[in-house]
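First chain A sits with chain B, and in the next complex the same chain sits with chain C.
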Partner chain A sequence: MEKTQNNKAWFLVLPVLVIVAFSAVIPLMTVVNYSVNDTFGNNQFFWAGLEWFEEMVTSNRLHEALGRQILFSAIILAIEVPLGIYIALNMPKSGFWASVCLVLMALPLLIPFNVVGTIWQIFGRVDIGLLGHYLAELGIDYNYTNDPLDAWITVIVMDVWHWTSLVALLCYAGLQSIPNAYYQAARVDQASRWAVFRYIELPKMAGVLLIAVLLRFMDSFMIYTEPFVVTGGGPGNSTTFLSIDLVKMAVGQFDLGPAAAFSIMYFLVILLVSWVFYTVMTNLDKEEGK
Partner chain B sequence: MRLRGSALVMTLYLLFLLIPIYWLVNMSFKTNTEITSTFTLFPADFTIRNYVTILTDPSWYMGYVNSIIYVVMNTVISITVALPAAYAFSRYSFMGDKHLFFWLLTNRMAPPAVFALPFFQLYSSVGLFDTHIAVALAHCLFNVPLAVWILEGFMRGVPKEIDETAYIDGYSFGRFFVKIFMPLIASGIGVAAFFCFMFSWVELLLSRTLTSVNAKPIAATMTRTVSASGMDWGVLAAAGVLTIIPGALVIYFVRNYIAKGFALGRV
Partner chain C sequence: MAQITLKNLAHSYHANPRGEQDFALKEMDHVWQDGGAYALLGSSGCGKTTLLNIISGLLKPSQGRVLFGDRDVTEAETAERNIAQVFQFPVVYDTMTVRDNLAFPLRNRGKDAAYIKARVSQIAAMIGMEAMLDRKARGLTADAKQKISLGRGMVREDVNAILFDEPLTVIDPHMKWELRTQLKQLHREFGHTMIYVTHDQTEALTFADKVVVMYDGRVVQMGTPEELFETPAHTFVGYFIGSPGMNLLDAEISGGAARVNGAVVPLAGSYGPVAGRTQIGIRPEYCLLTEGGGLPIAIRRVEDVGRHRIIRGEVAGTPVNVIAPEGMPVGATMTHVRFAPERINVYADDWRIAPTGTRGAA
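Up next is the complex of A and B:
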């Protein structure tokens, strides 16, 4: 749509600007302030320069948390994206069953994060959980509170359970926008199932898939509540992801300086990824407009 | 034959989604002795005592009341400020509009963990700590951008000729916006409101950090029970079931828009 040039539109945006500035910019400034200062309490601050940043960049603890975080996000994306596409392709196209599927699939998305954690915490327990109980009966040694590998599997399966539907729903919406004529043309050309997917369905899903990947990456990158409730970051530090580590540092130990430096670097990563995404998306929008 | 395969895949997937929820519901109707001592697929000793505990104990049910208060406040604030802004983004180009739109997106992506401590200090220093409005404002951090993006997506679909015709007919901006434009994007407003409601409802980290007693949300009440010794599994499960219900109720009405909402209005 052709837009009118009008700088008075700023007045319409002003309320948003004020409220987001209050809840985003001011806190962020506090973080920046902490990151370059040292404090011994009583609101006395000493200039520390980039000390905290240096400390954090070379800190093993941060490296390990970052490593775990990247591994976790990579596994999540590698499972959820293909599975989500596969589910979307298998969903009924219309009618009663399509509605049923939509509603049931959306259900996990709307459960409070800590309840998701609680559900899986209970579900996986060997003594009272369905999953834990049957795994134990099968003779599989499974205990997510002691064994790091089991803890990882539990957290990953939980995330797949929680969020695959998001990818599937977005892909489904993309698939719905494909006119039937495309499929008919493919049938006339005797295209294989794979060709239909590769040359018709996948290009049409590209836009929504991009959003799905971005959202999944971002949300898994800042995951806090679910693993915190299930494993508390343990056993040891094996499921301590970036957010959990950060909260431990800031609220638990009150190491404000390092935590703030950590926050800023964390935020810059987010900013970078958001920017890449935004650029790609606006380019896609433009191409569609042509 | 292909249809059969699809049905099988979907059945398996839905089972995977529903079994953990079934287990939670199942546990919420059991007594604690049954939960810890025996293993039963259905409650042998069916009881609603867990629900009664929650609905009669103020420290439990006030959690729900607190959550609902700040969630509703947040939804109202978010939609009110987002409506004009989304209109501006969808209709006009102005200085810095693209940067501003992008900056909003980064706030949706911001990790709450980064903001937890600064929020705590900001709201403590202005005397809003442990109030509903503090949590509502804090959740604006991600809900206002979300609402702007969703609403902008819906508004793009409304032809601009409608605006122009209304102005020619002598409508003022305010009157046009309320009388003509808002009814046209009513479904968009509904969807945006639903998503604001939902994301505020499911969030725990900020709401827990910003409250202690008076405005403590249900989610925080639950985590406290988890960490206490001698866990009351039945009550915990029942509390969990009660938090799922609001989402499950509304989901039916927005099922056709749910993808659009999650995609920030970009489907």
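Up next is the complex of A and C:
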């Protein structure tokens, strides 16, 4: 068949190109521009080459923040994923209580991030906070403004409170899609509770679970608002995660060049990890289609 | 292996059933012989699967007892009852290989490895999947998966019964026939009690020694294929079995004759006084078109199905089908239909009544 050539068709793509340019490409290029220049304001730029990148790669400050960030994300995933699965397995499958559970589970997800931070900031305060006050009454030495460990515990518990629901709801959706015949067959085959989980529930949840892990990894790796509101990155630098450090550098110290280089590397790390997840997921799908 | 007894069994999905209409399974008493091949036949929603799930223990009946041999298993868990069940849609463990799928029920019961290995290869040969044993079950076609399900159902030798819940729905026609033959052979070889749920009469009649016909939550007849064909105990059996089903005509019965719309139809037996709505039932195979003699019939349509022709007509406003063998002429002069007297069954309120004596004796 003869193909018609009509270059006017390109105009149809134009609106998308414009939107993408303004929403993603131009802002990102601005950051790239900052990362290879030095500036003292007034739109005066001096070429710096890869200097900022070199500085950031060898910076102790960044290494420490990255270490804290990885530790934080690892702890979050290690708690929220098993806990979410456990909750999903124990939620009622249907009826009035299923709806009640779903609403209760969805509630923390609906609260704005800075409000979550504020809630926990007040909740944990030793002088007026419900939690802080009663822990002190019990004779437990808890103070998230002084003690790095207490600060970490507070931030982690807060994140678990805020986000475990997401994992639980996704897993719950996965579990609901399993036909009853599978459970009946397992009873006929005398499968143990563990075998039912391992061979029926887990494989059926695998897809949504990967999405849950991906979302929780990305979100926790980029976390900013909640720990910033609760601890402000302190005490010292103990809860200064990558985003908080980045903002300190860019807005607090006005070191735009290093901050831009930092941003780009940060972006690439997240992109890399997401790509790995994406590849794993699509490979699983392929295996299914074989 | 054991004889299965159902005592006063009934089931309702309502928590507080108010009347008979709330029961998915009406009260029944039945004995299923040890080693029998049964087919549970009925249209959708008649309670076949409910009955099956009660026997396997997946469902607790609202009332009555289930006995395996002398043992009351009503409260026993599915695993304790030691039965195998194959479901309508394939259930396989996706992440396991075909081999592990087949071995799973044996491993769960702690059989030793050598026995499992031998048994799995035996079953794999039976379902024709030896070449795929080391593949993951994920991604196999639906009929391959269903064959695995069947294999898993048959892998244990010591089961009390094997229950099949319309297992061949997803399998293509050729394979269907082959698998059914294999099931039958397996039954002959090992003598397991087998209960096979289906809504396909051909499947039921070819598989089973005894066919159990269910209608509206009731077992209406339990008999050999021949009994179901010759003497249906309920008009539903007459209608459901056979192609086309039995002809039913409203009639008045008195002694050795029935009156249909004023015309007399002779019967082989004689009947006492009959109460309720009375009907005579005659299979299309036993009807004969004549040029006079019998009941007047208005022919609407003739369907040639190859082996024979089906004549669709009306007698006194009621549809009547006649099967005419190949070669028999069907012409405009054929205005009457005659019924073979010894093939006529008499029904009162849908249930067959037996003659009180033969006509000669009456």
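What we mean here is this: the second predicted complex is superposed on the first by the 263 of 290 C-alpha atoms of A that agree within 3 Å, B and C clash if a C-alpha of one lies under 4 Å from a C-alpha of the other, contacts with A are read in each partner's own complex, and residues count from 1 in each chain.
Throughout what follows, a residue touches a chain if its C-beta (ideal position, glycine included) is under 8 Å from a C-beta of that chain, and two chains touch if they have at least 3 such contacts.
Fair warning: this is a prediction, and the values are worked out from it, not measured in the lab.
Touch criterion not met for A:V276: it reaches neither chain B nor chain C. Taking chain A as the reference, the larger set of touched residues comes from B, when chain B and chain C are compared. When the two complexes are overlaid on their common chain A, residue A:Y172 makes contact with chain B while staying clear of chain C.
Residues of chain A that touch chain B in their complex: 1-10, 12-13, 15-17, 19-20, 22-24, 26-28, 30-31, 86-87, 90-92, 99, 101-115, 118-123, 127-131, 133, 161, 165-166, 169-170, 172-174, 177, 207-208, 211-212, 215, 218, 221-222, 224-225, 229, 242-244, 246-247, 250-251, 256, 259, 263, 266-267, 270-271, 273-275, 278, 281-282. Listing the residues of chain B that touch chain A in their complex gives 5-6, 9-10, 13-14, 16-21, 23-24, 27, 35-36, 39, 77, 80-82, 84-85, 87-95, 97-98, 100, 102, 104-107, 109-122, 137-138, 140-141, 144-145, 148, 156, 160, 198, 201-205, 209, 218-219, 222-223, 226, 233, 236-237, 240, 243-244, 247-248, 251-252, 255-256, 258-260, 262-264, 266-267. Here chain A touches chain C in the complex through residues 179, 181-182, 184-185, 187-192, 195, 199-200, 203-204, 287-290, going by the rule given at the top. Contact residues of chain C toward chain A in the complex are 53, 56-58, 77-79, 83-85, 87-89, 91, 93-96, 104-105, 108-109, 136, 138-139, 149, 152.
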